[in-house]
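First chain A sits with chain B, and in the next complex the same chain sits with chain C.
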Partner chain A sequence: MNYQAMLAAVLLIPLLGSVLNGFFLRKAPRLVTVTVATLAIALPFVLSCALVFGPIASGEVIRTELFKWISVPLEGGWLEIPFALSLDRLSGILLLIITGVGSLIHLYAGEYMHHEEGVYRFFAYLNLFVFSMLSLVLGANMVVTFLGWEGVGVCSYLLIGYWYSDEANARAGMKAFVANRVGDLGFLLAMFMSVKLFGSVDYSAIAASLTNELASENASMITAIGLCMLLGVAGKSAQLPLYIWLPDAMAGPTPVSALIHAATMVTSGIYLMTRMSFLLVHSSTAMTTIAVIGAATALFAATIGLVQNDIKKVLAYSTVSQLGFMALGCGVGAFQYGVAHLMTHAFFKALLFLGAGSVIHAMHHEQDIRKMGGLIKKMPITGWTFVIGTLAIIGFPGFSGFFSKDEILYYAWSGTFGHPLLWVTGALAAACTSFYMVRLTYLVFFGQSRVEHAHHHGHGHDDHHHSHEIHENPWTMTLPLVLLAVFSIVGGYVSIPHAIMHVLGLEGDNAITQWLYPVISSAKEVMKAVHGDAHGSAALEWGLMGTSTLVMLIMSGFAIALYKVGPQGGDAYAQAAGGLYRLILDKWRIDELYQAVIIEPLKKVGDGFFKFGDRAVIEGVINEGPRGIYLVTSVLSDIQSGLVRNYLKLVFVAVVALGAWIFI
Partner chain B sequence: MLTLPEIGLYFSFLLFLVGLAGVMFRKNILFMMVSVEILLNAANLAFVSASKITGTIDGQVVMFFVMAVAACEAAVGLALIIALYRTKASIEADDLKALRG
Partner chain C sequence: MVSVISQWILTLLIFFPLLGAIVVGLMKDVQTARHVAVAIAVLEMIFSFHLIAHFNIDSASMQFAQDLAWLPSGTGIRYIVGVDGLSLMLVLLTTILCPLILLSSYSSIESNVKSFLALFLVLESAMIGALVSLDLVLFYVFWEAMLIPMYFIIGVWGGKERIYATTKFFIYTVVGSLLMLVAFAYLYYLHYQQNGVFSTNLIELYRTAAGLPAETQLWLFAATALAFAIKVPLFPFHTWLPDAHVQAPTPGSVILAGVLLKMGTYGLMRMSIPMFPEAAHQAAPVMITLSVIGIIYGALIAWRQTDIKKLVAYSSVSHLGFVVAGMFAFNEMGFTGALYQMVNHGVSTGALFLLIGVVYERRHTREMSEYGGLAKQMPWYAFFMVVATLGSVALPGTGGFIGEWLILNGVFQVHPVMATLAGTGVILGAIYMLWLVLKVVWGPLNNEENKKLPDCSPRESFVLATLSVFVFATGFLSAPILEHTVPTLKKLQESVNSKSAYKTQLVIPGRSNEPMKVMMEK
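Our next item is the complex of A and B:
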């Protein structure tokens, strides 16, 4: 089997799984459905490993063209857009994450969803999602990527609204879809402008034709492409101002939150920015905007996370915040650490979501952390893996988040587009992260148990699982947790900071920088040529690292001290903050703001169009036209009275008139 | 002073008007039939008078044809009226509005 065929198989097997589950195995037993779905992701994972650790690691780029797709005339020539796949080192990382974490989550979901009826629908969507996500990262040109980009949006919509009989879930799905559509517009515009500027949408063709001269001649166009792309990124990767859909997306089943809204789909914006890094770095406006948006998102979402009481909502806001970190990393020119954080985040956030799902599953769909506590004794595996995930996300030294996040923060200060203020914002966000994650972990797993037993009785399902005792879930749910916990620890060692490498006696760049060198080298060269060398130093790196570690330890200790007494521990501070607390509890009332500023006026405009366009014009034509015809015909039909005498009278009148006309 | 054929011509016009009014305003089909006969005879009178004025015989020949047709018409018309009466139990023209638009 050659590499091209393997690559095509990686993409198509999940699609096959989706079709099988969606159309042919609807009546099949649950075990068959789950096995088919999991294998449809696990098999590509095996192939991906063979590809990525084989030819990709040795520096090859695998390209394959599945079929000719679009061909349109363009300025004398033809714009040819084949359905082409390309696997390089960047898409290789994403490929391993998607299929690897994806198969673990499929395995987990098989158990998590075992109460559900008609679970084939869930797995068909989930496989379809993986297919879309793979075409997003494997697409050799923007159009294939866009196909995947839309595909993941649709699957996200379908899966958020999976329990569609509850209207709130359906609305959350719709909100996600609409917010994503706004972003998609940006991506589309960026695509159109690249066609205009480069006459191509193929990444490698654009990279080849983008010279420094071309970039400086079309500086405003490049900036426009960058900013439009940022809009797309903001939609898909939940950045300000389009992040609002992600917290609501938690309405979906928890494995969906883990796979789509933490590990894969939401990171596609980061992937796109890294893919287009060679273009973005030509515009310092675009890069700075990305960095500022990223930093602002990181801090903004982290503040909301401080006060949430729903276990999934806390994780959702922390995802938005972490995505902000990744965007910040890309924006300051440290694309490789954006990707590194993408990877470590995929591990620890999937772990945290699956852990949360494990808790929710064991507690029969209770999500309020105020009603948990002390669970680590009953669910040791979930508990300790969750602790590992928390340590990773808050950047405890030695865990994966420490390396990737601190590298991003270091570059936020010292990177090409970095600025100390960006570091301050990022560090504040990291401080908030430490606080709310430790708060979450402590309230769920430690302290006194606040579990209410009464509410189990009213539950609809009755099966063996219905013992009132909370206990650890079966291996299909804990195995993914354990594996992800391992990766949450070791995943960070690809991006060991230079300062530490130096101490360890390692020379050269760290693993992620070396691995991604072919992808980001041109961006690096541009940054070096245009903006000079990055202005960091080992001392600065140590200082920043020490500061953020210290802040992390203080905030974690503070959180534990505060919530030792239970969830009411923070009440005194909440009361002291007063209005500010309520504002943050209401998520800064951004949804309300959008409602008032965008949605209501839009509704008014829509209402106007409805009243004028629909009611007046369309219904006017449709209703009044026939009414006019009816009026005319009713006069005409009245002539046909059916009375012979009347016809005769008309004949008489006509004859007289005719006679008068002829003879007079 | 009007000659006899001329008087006949004017009289035929009046007769025609009488017949026409009868067909137009009568509601009983039988009377309408009678009025139709008057119309035909008005036409006959006009033919004969015209024939006398022009001194040709054509008009008088046509009159015989018309009388023959009138006889047929009366026979067929009366038969229709009887058939109508059997189905509708009425010979009022206003009751027959099946062709109303």
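Our next item is the complex of A and C:
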């Protein structure tokens, strides 16, 4: 099988799985459904490994065209948009994450969803999601990417609202789709501007035609493309001000949160920015805006995470915050570390979500961390892997998050578009992260058990459980946890900081920088040409690294000290903070703000258009107009004459008048 | 043999349903009449496939043409028909939708069935006639002929306020038509003044009209464009549409949204723009502004409706705004997107009206609050509803995306601000459509009456599944489909932008210097 065919197979097998489960295996036993769905992702994973570690590693780019899609004449040429796929080193990383982590999550979900009726629907959506996600990263042009971009949005919509009988879930799905659509408009406008400027939406064609002269002649358009793209990124990757949908998206089943709302879909924005890095770096305005939005998102979401009591909500805000870190990395010009963090985050956040799911599953859908505690004794595998995930995310030295996050923070200070203030914001966010993650881990797994044994509420999901004793889950759920835990440790070694490499006696760039070199080299050249070399130093790197490690240790210790006594440990501080605490607990009331400032006024406008515009003005003119004419020309008529005759009279008068005017 | 068929195919397509109407009208048994009507529509559809099989995709000429005498030769009025890339798409949309609609009428039309079937087939004849006519008088005859069956379909089989609705529909359309007639008459007179002979041949009149002084063009453009804008309907001439849609029976709503509205946009592209290019340029800012207002205005109103049918009706105002905006961008992306969107809107909105019909027949209410949670009881219904919704919100992978993307892209190249404003319609579209789905399909199944509803019958499923396939097929097969329209729209774009007459000619099969199916220009 040649590489092109393999690449096409990687994309199409998940689609096939979705169609099989969605249409033909509706009545099949659960085991068949799960096996088909898992194989539909595992098989592409095997093919992906062969491709990425084979030709891609040796520097090839595989491109294949599936069919002609859009083809219209443009002024002086044609706009040809084929349904084309392209696999390079950037999409290669994403490909491995999507199919690799995806396979594990499918395996896990088979057990997690085992008590659900009609589980074929869940797996059909999940496979369809993977298909969309793969089109997003494999698309050789923006339109194929956009197909995936909106496709993952729809699958996310369907999966968040999977338990649709509760309207709140369906509403959360809708909110996600609409917030994403706002961002999608940005993506659309960016495409239109690309057509205007380059006459193409193909990434490599744009890269080829974007010369420095062209960029400086069209500086404002390049900035506009960058900012529109940022809007799209803000929608999909949950950045300020469009992040609001992601916390609500936790209404979906937990494997969905792990796959879509942590490991893959939400990182699409980071992928897109890296893909378009050659263009973005031409605009300092766009880059700086990205960095600022990223840093602000990282800190803002982290503050909310400090006080949440729902295990998934903490992780959701943590995801928003971590995505902010990735955007910050891209914005300061360190795209490779944005991608590195994307990868390590995919491992440890998927691990954390699956761990949370394992807890929720064992506790029969209890999500309040105040009702947990001491679970590590009952669920050791879940517990210890969760601890590894936590160490990774807070950046404990040696764990993956340490490497990727530290590099981002270092470049936030010293990168081409970096600034000490960006570092301060990022470091504060990291401090919050250490606090809320250790708080979460401690309250769930350590200390006294606060589990209410008496609870036997009529939740439909509970019915099949024979025992209410909390115990570890079967291997299909723990195996993914263990594998992800391994990667949460080792995944970071692709981005060892230069300072450490130097100490270790390693020469050259770290693995991720080398690997992504072909993708981001042109961006680097532009940055170097315009802004000179980055202004960092080994001393600075050591200093920043030491500071953030120290802060991490202090905040973690503080969290343990505070919550040793249980969830009430933070009450004193909460009371001292008073209104501020309640404001943060209410997520800064941003949802309420949007509701009051955007949604409600728009509803009023809609009502106004209908009642006033349509009914009063337009209908009024049309119904009353004839009456006016009727009065003027009241030649043959009785006052009783109805609507129809008035109309006909208007018609008559109008036609005669017009005819007369034209002919005479 | 083939060339004889090709010569007569359009005439066959026009008159075959009319003959069918007579046959159906004479039948005794109602059920048999239904089957026969469907059979006639299916045959009509198969006949229309001859057009695809033998259409020369490299030509912008009027193919399968026929030019016959009809009225006394001194009048210059002839029977001229032909199709190019523009009308081909809409003819096929019509012939494919009609059998599906007739199938859906098995349960939605229960009284005076034979009259309904006959009227519907007459309507099909008139629609095909209007789409292929290349003579103004012939066009006008078919244009008005469409009105009569539709008037009765709403007025006889409609809801409670059908008389008000159908009268309003009739009067709005007639006002526009009469203005159009005056414009045509004046053009007829001008042509005589310039050439000494009378003619209603559209291809000749293109030349006459484009040569007129700008001011005359503007008035004539205004008169025809108003007629078509009412039919589209373009804001602010849209208020007849919600009433007509809400009161019309399901098949009436589907054909109204599916094909009749497109007669307005077709008219703009076939007549107003190429006939009066100078005026079209002057009017373009106004037309685009009205379209963009319509997009946002229609969407916001749609969102606030509690009547499902009204919601979809206002969504049409919004969607058709995209179509008109696209064509007035005067570039190929805009024209192609506009034409494609006419087809896609027909498919997805047609499907939505059918879906409304399915639950209306079961529950006899269109109030959103009466529904909710239907996915539990009617999973296939929910599936079709979601597919139609995805088509309507122009998700990539559906035809709606290709259409909307090309339209917005085309408009963006000339009016970036307008395109951005129109783009908000993409967001609002998601809001009102997902709101509809949320309220009807998702949520708890609380209403006792909904707990016993049967899912789609095999007949309903067949119709909805066919349309669902089209929703996605148009999304992926856009290149081979739009290939047919490229030469026509390219020529249209060139003549509009050079403000010169639109030049095309008839290709009469077997009798022409331009052989069918042969490369000519590229």
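Everything that follows uses one rule, which is that the second predicted complex is superposed on the first by the 601 of 664 C-alpha atoms of A that agree within 3 Å, B and C clash if a C-alpha of one lies under 4 Å from a C-alpha of the other, contacts with A are read in each partner's own complex, and residues count from 1 in each chain.
Everything that follows uses one rule, which is that contacts are C-beta pairs under 8 Å (C-beta built on N, C-alpha and C of every residue); 3 or more make two chains touch, one makes a residue touch a chain.
These numbers come from a predicted model, not from an experiment.
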Looking at chain A, does chain C or chain B touch more of its residues? C
What is the contact status of A:117 with respect to chain B (first) and chain C (second): first, second, both, or neither? neither
Quick check for you: in the superposed arrangement, does A:614 touch first (chain B), second (chain C), both or neither? second
Partner chain(s) touched by A:167 [first = chain B, second = chain C, both, neither]: second
Overlap the chain B and chain C contact sets on chain A and report the shared residues. 643-644, 648
Per the touch rule above, chain A residues touching chain C in the complex are 67-75, 79, 83, 143, 146-147, 149-151, 154, 157-158, 161, 164-167, 170-171, 174, 177-178, 181-182, 184-185, 188-189, 191-193, 195-196, 602-603, 605-607, 609-610, 613-614, 618-619, 622, 643-644, 647-648, 650-651, 654-655, 658-659, 662-663
Which chain B residues qualify as touching chain A in the complex? 20, 23-27, 32, 93-94, 96-101
Residue positions on chain C within touch of chain A in the complex are 167, 171, 174-175, 178-179, 182, 185-186, 189, 219, 223, 236, 239, 242, 297, 300-301, 303-305, 331-333, 336, 372-373, 375-376, 386, 390, 395-397, 401-402, 405-406, 408-409, 412-413, 416, 419-420, 423-424, 426-427, 430-431, 434-435, 438, 441-445, 476, 478-480, 482-483, 486, 490, 493
Residues of chain A that touch chain B when the two form their complex: 636-645, 648-649, 652
